[in-house]
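Across the two complexes that follow, chain A remains constant while its partner is chain B and subsequently chain C.
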Partner chain A sequence: MQTKSSFLFRLFIASLCIIPVLILSALSFSKNWSFPSLLAEEFSTAAWVDLFTPGNSISVSLVTSLIIALLVGAASTTMGFFVSKTIAYNRYRRSLLLMAYLPFVLSPVILAVCLKYYFIKMNVAGTVWGVIIAQLVIALPYSIIFFTGFWNQRIKEYEAVVSTLGGKPGYALRKVIIPLSKSLLLICFFQCFLISWFEYGLTSVIGYGKVQTLTVKVYQFLTEANIFYAALSCCLLILPPVLLLWMNKRIILRYLN
Partner chain B sequence: MKNKSSILSYFLLFIFAVLPLIAGLGYALLYSFGIVGALNTGFTLQHWKAAFADKAIITSFLYSGTIAGAALLLSVSLAMAAALRYYHLFKKGFISYLIYLPLAFPAMVGAFFIFQFLSKGGLLSRIFYQAGITSSMQQFPDWVNDKYGIGMVVTHLFLSFPFFLLLFVSLIETQRLKDFFQLSASLGASKKQTTFRIAIPVLLQKSFPNIILYFIFIFGAYEIPVLLGRSNPEVVSVMAVRKLQKFNLQDIPQGYVIAIVYTLFVLVFILILLKQKKLAYAN
Partner chain C sequence: MFAEIKNIAKMYADKKVLANVSLSLNKHETISILGKSGCGKSTLLKIIAGIEKQDEGQIILNGTDISQQNPNERNIVYLFQEALLFPHLTVFENIAFGLRIRKHNNGKIKDEVYVMLESLGLTEHSVKMPHQLSGGQKQRVAFGRALIINPPLILLDEPFSSLDTEIRSQMQELYKKVAKEFQITALFVTHDIKEALLMGDKITYMHDGILIPYNSKEDFINDETTGAKKEIAFWNSL
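Presenting the complex of A and B:
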């Protein structure tokens, strides 16, 4: 009985995880899918092949998304790592963390519409830099919250030992702190990358529709009722997170063991 | 040197976390009181009075809360039941990897998939037609862009179920619940008593901050409602953006009122969490 229900549960989980990917992949290769056909009348690799054509709008969005996500991931991880240290050892740690918590939990799109005025005044609305700055407002607080737990008494003692033995703070950072936090830095980078990669509301408001990331592109294709290109963009959106999550899991498991 | 890096850290915290909040909400507050902005002539409470008199805004908050509550109730209860019963399946093997896959779905992609699956022209409708359950597209029920928000709840469920499942599986392990189960069984407790007196209270208590945070995220979600919701009733974020981004300038102050009330709502939740000292960072 237990085996049968286990089997059914495994089947349910497998379906839940695989069916969406299959449907999206099939749609991305489809050309015509009229009701009531279960499968598309015509399959084609044209849309995927077109991705490699110079100037293809989806490829441009893919590169834009990648650049933004990589920059946001790298900047927020680096800054968050050092800011979190100052906060973690501060006696007003809780209040400072509350400040970091708020931008992270607020709806990005509501935050964006409130901030849009300033981005227009700074002449960065509708630019890639504007979107990067706006995304840092949510990614950096996440990074700070993420790293605060890392700075504990043990780390403090390691730094003290290096200092006692004549090592400078920079040496302690390079030879002790960074090697100790390597896995966490990588995980945080992935998470911040994903925050940026998944972001739509804030990007569409601050980007003004001019910064066409993949999520913005998906929405555009949907409003144009072009489900096949939307599916293709969705597949491209899923691909890096799947790779990162797979790597993340391996790293997490290695870190836990 | 140490002082310089501390100053830089506080500066970055101020620039990227504090300043955007103060500036954004400050502007919203001033606009809603008629002090700044086009068509505004001076301090007035009329936009706040108009917003609170507008039933659509109050309905919007209640609707968003109901969608978030329904999605979380389903997600947490199903994930908890699955984790307690099939905990061992997620320790190793193919399923333990596969369950991470939905976490790679952005909200936009999740909403698109559910639309293609549950809409009248979607895959499920086609399966029903082919199986002879329905005889036309119109006979298939409205499960997306419907007034009950079924499509939205299902999408949030699809995206949050794996997260809570993994969370509960990890809590069962870290809280050594299996040891407690054995202990309670040896003391004569029934399986039902063990589940309802030990497992559920421990899991709920430990996951409480995550549940509240997820509630806040779903409450303020934008991508899923904008694709799968409808214009009446409307969720908070979609209504705020519509009022602030569209062409009717008279609606803008009310849009800012919604943004401020929403922020206060989130603040209250965060303060409740902090008061109970249950946030991970507070310990």
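Presenting the complex of A and C:
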């Protein structure tokens, strides 16, 4: 009985996740849908075929989003890992950590408006680099907070063990610290990637509409009432996270257990 | 003298942890440092290992002043209260760790590690991961990891304090055997009077950052401040 109800509950949860994706997929293959019809009048692969034509704006956005998210994920994970170590072993640890929470006090759009002036002055507003820096303002503190718990007394002692055995700090990092933090590094990269991938507020304000990530594109199609292309963009938007989730499935499950 | 610790002083904020600590150590000799928790004995070992910096004083090892050297240059191994085995490495790789740092070839590493495993009675555990070992076995692996690089000085910071009485006793015997076999020069920190008397060729007592050396175990027992007389009286009264 319990197994059956548990199965039904799982099916319900899975349906909640899968049904919207199925609807979006169906919409992306549709043409001429009007309210109150349940289904579109025509089935069409035109939107998907267009995607593979050179210079297609959605595929350009997909590549832009991928580049930005990969760079933000890699940079924030790497920098956050080392900055969090400095903070964790610093005598002003609590004050420094408090500063890492500051970007989360404001909503991303307000934060972007506050920072916009500096990005214009630095001549990076409306550029991919500008958007990357802007997203790091959120992703890096997240990464720092994520790793602060990792740098505890035990890790410090492992480093001391390696050094008294004759190993330099770099050796301790390569042979002990990174292997011990591997799953955390992957999870952090995955989460920072997602922060960047789904980021809209900072990207649209700092990107000035010139940097068209997939998220920006979805909003653009929605305001244009182009639901078929919006659905196609949404399908592409959920694709990399699902792929990453599948790749990290074992690590995440192990971490949760 | 093989090792000399001269006038080591250390302060944390306003608190004096070590006050002009001096100590001399002969080759192949183990000196016990007895003291209560927080008296500064672990800090002294960490300073000798280079993990912490002293405010004043010198450390001379084999005629060389190593006071300003980095811990990885001193070749002094520090054994913590916990075994601190690297959890992602097997017993074999844990013991081989120091040899890999020194870039020995694989054949030599294999030979040396198997000799060490044999000496410590760990041969059958060589492919196990640390979480599959008991507390005593972990400490034996930690010993092996330290001994295999043949350090001139080993610092043992209450290495058996987390073990139960029986295993602790076995480890004390093993240490005596290994110390003789490998001709170890060591400083052995403990808060246990019996262990201090058992493990050390000489004994010292640390109180509030001041280190008192004794010429003989009798002198140590006769000094009321060490608490050794009280301990003996307690056992005699049973």
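By definition in this document, the second predicted complex is superposed on the first by the 237 of 257 C-alpha atoms of A that agree within 3 Å, B and C clash if a C-alpha of one lies under 4 Å from a C-alpha of the other, contacts with A are read in each partner's own complex, and residues count from 1 in each chain.
Note that in this section a contact is a pair of C-beta atoms (placed from the backbone, for glycine too) under 8 Å apart; a residue touches a chain by one contact, two chains touch by 3 or more.
This structure is a prediction, so every number in the text was calculated from the model and none was measured.
Student: Putting chain B and chain C onto chain A via the overlay, clash or fit?
Tutor: Overlaying the two structures gives chain B and chain C room side by side.
Student: For A:218, select first, second, both or neither according to whether it touches chain B, chain C, the two together, or no partner.
Tutor: Only chain B; A:218 stays clear of chain C.
Student: To the nearest 10 degrees, what angle do the lines from the C-alpha centre of chain A to those of chain B and chain C enclose?
Tutor: In the superposed model, the angle at chain A is 100 degrees.
Student: Once the structures are superposed on A, label A:67 by its partner contacts, choosing first (chain B), second (chain C), both or neither.
Tutor: Neither partner.
Student: Per the contact definition in the header, classify A:247: touching chain B only (first), chain C only (second), both, or neither.
Tutor: In the superposition, A:247 touches no partner, neither chain B nor chain C.
Student: May I ask you to decide whether A:227 touches chain B, chain C, both, or neither, giving the answer as first, second, both or neither?
Tutor: Only chain B is touched by A:227; chain C is not.
Student: By the touch definition at the top of the document, which applies to A:171: first (chain B), second (chain C), both, or neither?
Tutor: The answer is second: A:171 touches chain C but not chain B.
Student: Pick one for A:86: touches chain B only (first), chain C only (second), both, or neither.
Tutor: first
Student: So, does A:99 touch the first partner chain B, the second partner chain C, both, or neither?
Tutor: Touch status of A:99: first partner only.
Student: Quick check: superposed on A, how many Å separate the nearest Cα atoms of chain B and chain C?
Tutor: The answer for the closest chain B-chain C C-alpha pair is 11 Å.
Student: Spell out the residues on chain A that touch chain B in their complex, using ranges where they run on.
Tutor: The touching residues are 5-6, 9-10, 13-14, 16-18, 20-21, 23-24, 27, 35-38, 79, 82-83, 85-87, 94, 96-103, 105-111, 113-115, 117-118, 136-137, 140-141, 144-145, 148-149, 169, 197-198, 200-201, 205, 215, 218-219, 222, 227, 230-231, 234, 237-238, 241-242, 244-246, 249.
Student: Going by the contact rule at the top, pick out the chain C residues touching chain A in the complex.
Tutor: Residues 49-51, 70-72, 74-78, 80, 82, 84, 86-88, 97-98, 100-102, 145-146, 149.
Student: Sort out for me which residues of chain A touch chain C in the complex.
Tutor: Result: residues 154, 157-158, 160-168, 171, 175-176, 179-180 of chain A touch chain C.
Student: What residues of chain B sit close enough to touch chain A in their complex?
Tutor: Touching chain A from chain B are residues 1-2, 5-6, 8-10, 12-13, 16-18, 20-21, 23-25, 27-28, 82, 85-86, 89, 94-95, 97-110, 112-113, 115-117, 121, 123, 125-127, 129-130, 137, 158, 161-162, 213, 216-217, 219-223, 226-227, 236-237, 240-241, 244-245, 255-256, 259, 262-263, 266-267, 270, 274, 280-282.
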